[in-house]
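Here come two complexes built around chain A, the first alongside chain B, the second alongside chain C.
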Partner chain A sequence: MSELKHYFAPTNLDQAVECLKDGDVTILAGGTDLTPQSQAGRVKIKQTLMNIRHVSELAGITLEGDEIRIGALTTITEIMNNALVKQHLPVLVEACDQFASDQIRNAATIGGNICNASPAGDTLIPLLVLDASVELASMPEAELYRHSMPLSTFFIGPGKTRRSLCELVTCVRIPLPPENHVARFHKLGTRPALDISKISIGIAGTLKEGILSNVRVAFGAVAPTPVRAPRTEKALEGQRLDEATIAKVANVAKDEVKPIDDVRASAWYRKEMIHNITRRLLSHVAQT
Partner chain B sequence: MSLKHDIEFTLNGIKRQVSVDVTMNALAMLRDVIGLTGTKYGCGEGECGACTIQVDGVSLNSCLMFAVDCDGRNVTTIEGLANDTTADALRDAFVEHGAVQCGFCTPGMIMQADHMVKSECCNDTDSIKRGIEGNLCRCTGYKKIVDAIAAVSGAQT
Partner chain C sequence: MSVAEKKTRIIEPDTLIGKRIRKMDAPEKASGKTRYIHDINLSGQLHGKILRSERIHALIKSIDVSAARALSGVHVVITAVDVPDQRPIGVARDHFPLKVGRVRSERDEIAAVAAETEEIAEAALKLIKVVYEDLPVISNPEDAIKPGAALIHPEPHGADGSHEHLKQGTTIAHKGKPDNVAMTFDYAHGDVVQGEAESDVVIEDTFRLHYVTHCCMGVSGMIAEFDASGNLLMYSNTQVPFLHKREFAEYLNIDPARIRIIQPPIGGGFGSKLDIYPFEVICLYLARTAKRPVKMLFTREEEFLASPTRQPVLLTLRSGCKKDGTLTFRQVHTLHDNGAYTSWGATTPFVMMQTFSSLYRVPNCDYHTAAVYTNNPYAGSFRGYGNLQATFAIEQHMDMLAEKIGMDPLEFRMKNAQDAGEITGQGMSFKSCGFKDCLTTAAQRSDYSRKVQENKANRDKPGNIKRGIGMASMLHVGGGAKIYPSDGCGTILKMDDFANVTLITGASEIGQGSETVLSQLVCEELGLPISAITVVNNDTAITPWDVGVHASRTTFIAGNSAIGAAKKAKAKILAVAAKKFECAESDLDLRGGFVIKAASGEVVIELSKLLRNLHFQDKAELVMTTFYYEPPSVHQDKGFKGDVSAAYAWGTQVVEVEVDTDTGRVRMTRVTGAHDVGRVLNRLGIEGQIEGGVVMGQGYALTEELLIENGVMQNPNFRDYKLVTAPEIPEMDIAFIESMDGEGPQGAKGVGEAPAICVAAATANAICNATGVRMFELPFTPEKVYRALHGQTPKRYWTPWKAE
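Right after this comes the complex of A and B.
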């Protein structure tokens, strides 16, 4: 890999994706991860460092049809304080509220959290259960080309995504939740602030007369990427949330995850907590 | 040789032009290039908040920011709050409540508290505690700091 030779701060999207054409580019957004990682030598900055801060198309939160569009440069604080998000996506606000510290929330961006692809990324679990999709822009020929993919297929490993080196994440789109939508998030850590999850859980669905349908379940920090949990979802789909169902589903969840031992928690503890917190969240949902 | 880039930004109300290493963080620029040493280096990874500054009206960790990213922006450090009414009140309250012991966390703590008081987000003790989650103090046990901020923000303790 070549040495850092250029610094570039594009002011529009065309310039930004054109710069990505040769692929040897490190993208700088909020910088809360790239700065310490590069200073410590854990991440090597490529031939070009591109600061996308001044690309205005990447900012802001808007309602587009029946989707909420959150620009990739939107900070965690901006998401938490946004009226649209507060009204329609309270589970995302909850996760943002547990994100790092005020100083980091003020700088860190949602696009950065997505592209970092940490198995424990705080916003990723609510985004997964909200059926979010990511939009990518590139310039294969002379024209700007955009395409979207579901966030659930975006992650392929720790720090690895299906974004090619020539692509830029421009925004995340979240469908407006239907009526009777419920969503819960829980992050388990040692302390509330500045902690990386031992595990995190998101559960969402439509709750009508005690029955949960269109179920989405996602787990953080139990696999190489944030993951949806299809077996747990299947066990919940169309079920009445009584005690027996909740107990059964908590066991399915525990069996479904294959976490590892690491410095934050043992695999055994993670499985136990997936069980207990799945049960707790479902009990909360049952009481709504 | 490391890559340099020229940036221009407003620092404590005054336009500055600086040539910085592209890989340098904002903290190193403030302390080592510009010579404003009020902003402290604690952990270098965003855990301790000793390097808190304000950029475009919000608080952030200068160790988690590229110096080149200051280009075109409005940066305030602890030195820039020397004649600020809110910060003056905070400084007096910190002294009065014994919220300064070794003093190393104090500039970052004041920067964060100033941002909190100005954005009116500290109505009670709990919100003050949440607000300073990103600032470590190893001396006071925090109570005196929380009391000092509450005295300025008018929060009930």
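Right after this comes the complex of A and C.
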């Protein structure tokens, strides 16, 4: 049985963050991770359950200067259908399109996906290759305090992030991709819907006259957190995407990851797939 | 009033047979109004929960339930000690509902609680302290038969080494088993040595079939209530109410006449509800002790852990043929992983040996099974009952033999396929047999022979997507199966004075559409619309005896029974009408709710009016009939020979796949099926049945697997136990071969299990056609296929072994 004593549904950010002050609070967004995890006894609901769904500051997708801001409460469905995202961040749509099922997408939020910090979280890989940063809000004194950090430094382990207990994730910010930007995502599971990634790959960069630069590569489900792949990025940086390069980079990628065996796949298979899918994605990029 | 006075009105002939008729329970189910066991609550009801073992194989040193008993809201806490009259249950009577002294698998029941709420019952379970002493775990059946292997069911001894009180009984649960062999089956016809000597080609391979489970949408559950006189009322999802009534009575040591079973609408049952499981008996003990109704419902995790699986099998098959394509012999050895206890899974050889001996004409056949105890989950019956496993091996060998002798695989099958009139080595008599039609129809509609060649030619072309096509066929009982003293079903039929029919049948509805098809058969006889019927089929106090829903028997057996009762009613009505209208009975018929002239369709009288005339007169009478149908099949002899079913169903399925060689992912693109169903009764129902079966077979082939490591289930949830989801379902083209079985109701045969049987075998053949790689172990998950494509799957060989 949980220790749940209070239920709180704040209607603005100040109330929400203030409630977090005493620390003994479980945050509820879409509940698609929290519900199964608490029922299975893997997560304990704390004294206060705070439903943040009525905090309007946490919703919506907007263009702010040269950044796109996606509020933490934005659902996967909303992201998929959003015109700004479709136009500027198609790789995020690609990832959302492989996310769970319609029912889950209607409830699951991007903030929940980030805070749940699963190595297989499907929006995390595109967010990493898009250089996203997370904004956190808290109330150390009487004032609301916000700060940001790059998503690439946010994750520290399965389900573990740098967010402190009294912080709320308010949004992610993604710089508008420059001209000639390309980005692709691939998720590999047993079946096309409702599956947890065995591995996932995101690749992004600027493609000019066949040369890829500003390269970002990220892998999911091969490490305790979603990870950037610096060695693979380096091998790709400034290269022309010909067959030889692609073959070489695929090998670098395979050597770079150190996955584990679990119920979903063996380490051997994961490495093979990192190789084959990296190769496939790069061929697709080369053809654009 | 005479016939001549009636205004002439003609009713044109019409039939319900072969029409697309909506399932009678569909509106309720689709609108969420069906009341499953989950929705039934009795006043004063308590909630039961079971404490399962924390260990896989261990001695129970002590159980302390004092804290649980002290928890407020807890009414009853029981362990084996509190139920001294426990009797062993199961097919081999090899376990007690509440385990005594020892646990043998992860699901083992140690204690049970009945409390005011589910939450309190859960909390009470957490307060029970059990001390265990671990024993070595046997999780591999090959280890279980090694000399000196630890025994799963040793003779019980007390702490001081003396025999325990359990010894006084005579069952395995009481006196133990000196080895780990739970059951053996040995069958032969002809002489395999001779057959092998005559062969030009001989092949031998080991196949491994995995654990899968039913995944019924409705989890297991029941409610038990004893009345003040000690009579028991059970709300139960059983598929076999009448047999279970008797069995429950044995476990409670009461007269079976005091047990009444009501089956609420059942949320799926593919054989999982054919045996009595510990939770059911435990629920009875709780209700008996609490003197209150007790409801017990599984969680989904429990459903995975503690409901029966399909039978995992290790199988070595040796087959031969001549150059001209004549099969010469088959020799089969299987090792069935029985799990810790014996349920129906151990008896799947009954069906498996039929496939080996009789699907094709094979003059010599030798079959052996040993089902052995391990510390794994135990297998029960599951749609297809061993036939998926047998067909997986046989149909791969059919392709491999054809390849060896350079014959087209379809031609090879046609050459050895059974025909009507055949009596097989096992004594099965094929009165109707559409097998060859199934083969040619499925092949033609899928363009099989051309595609086989084309795919082979394309194998080595560049590109990571390889296409493949594969075929497999099946034989299954389609006219019941005479396993129990009777394979019959009773019907009571009554008509009210508005010409509505109430059909009271022993046959249970478990979602397969039996209510609808039985209604159709009755209305067809009585010339009534389907809206004129009410079916009562779920209460042992009302319905006549039936052996249960299994063996694809309900349409055939209960259908014939219902027709029998309807024919009697019709005869009575026509006799009354003939007398009243002074004509011969044979001049009359029933159609559209009227008595009509058989020759012209001219209305004689409205049926409801005739029935009222009959009822409201001096010598009042009602139309009420009964019928009991027993199929003309026989029991097998000691050598497993005999014509056990009144009819046999046939089918061929062609599966097409795309294999992604980069990932090992197999996409099933198309399934072409041709099924000899005798005759299509409800077209909508049979299409649903076949499509559902194909998808179940697809899951068996591609995605589903219960992962058991050292006796521990790794994936008791739908996240990691992967059922097929909607986007993966292939295009299907299903053809029905109507062989018009002479004994079948309107010519129909049973088809419930048939569609699931061939898919995995045909998929294996399709993958091989696509890639040239043969796979002997299921399921074909991306990683397994990828490994096989990269030569990373060592070929397994299991040396045939036979229990002494």
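Just so it is clear, the second predicted complex is superposed on the first by the 286 of 288 C-alpha atoms of A that agree within 3 Å, B and C clash if a C-alpha of one lies under 4 Å from a C-alpha of the other, contacts with A are read in each partner's own complex, and residues count from 1 in each chain.
In this section, contacts are C-beta pairs under 8 Å (C-beta built on N, C-alpha and C of every residue); 3 or more make two chains touch, one makes a residue touch a chain.
Computed from a predicted model, the values in this text were never measured in an experiment.
A.B. asks: Given the touch rule stated above, what does A:5 touch, chain B (first), chain C (second), both, or neither?
C.D. replies: A:5 sits against chain B, while chain C stays out of touch.
A.B. asks: For A:102, is the partner it touches chain B (first), chain C (second), both, or none of the two (neither)?
C.D. replies: first
A.B. asks: Quick check for you: in the superposed arrangement, does A:77 touch first (chain B), second (chain C), both or neither?
C.D. replies: first
A.B. asks: Just chain B (first), just chain C (second), both, or neither: which does A:193 touch?
C.D. replies: Both partners, chain B and chain C.
A.B. asks: With the two complexes superposed on chain A, say which partner A:51 touches: chain B (first), chain C (second), both, or neither.
C.D. replies: The first partner, chain B, only.
A.B. asks: Would you check which partner chain A:263 touches, where first means chain B only, second means chain C only, and both and neither mean what they say?
C.D. replies: Touch status of A:263: second partner only.
A.B. asks: Examine A:35 and indicate which partner it touches, taking first as chain B and second as chain C; both and neither are also allowed.
C.D. replies: A:35 contacts chain B only, not chain C.
A.B. asks: In the superposed arrangement, what residues of chain A touch both chain B and chain C?
C.D. replies: On chain A, the overlap between the chain B and chain C contacts is residues 36, 40, 101, 192-194.
A.B. asks: Could you please specify the touching residues of chain A with respect to chain B in the complex?
C.D. replies: Touching chain B: residues 4-7, 9, 28, 31-36, 38-40, 45, 49, 51, 53-54, 77, 100-104, 106-107, 192-194 of chain A.
A.B. asks: State the interface residues of chain A toward chain C in the complex, per the touch definition above.
C.D. replies: Residues in contact with chain C: 1, 36, 40, 101, 188, 190-196, 198, 263-266, 268-269, 272-273, 276-277, 279-280.
A.B. asks: Please give the residue numbers of chain C that touch chain A in the complex, ascending.
C.D. replies: Of all residues in chain C, those touching chain A are 119, 122-123, 301, 662-663, 665, 703, 707, 714-715, 719-720, 722, 724-728, 781-783, 786-787, 790, 792.
A.B. asks: Contact residues on chain B for chain A in the complex?
C.D. replies: The touching residues are 2-3, 5, 22-23, 25, 44-47, 49, 52, 58-61, 63-66, 68-69, 71-72, 112, 115-116, 130-131, 133-135.
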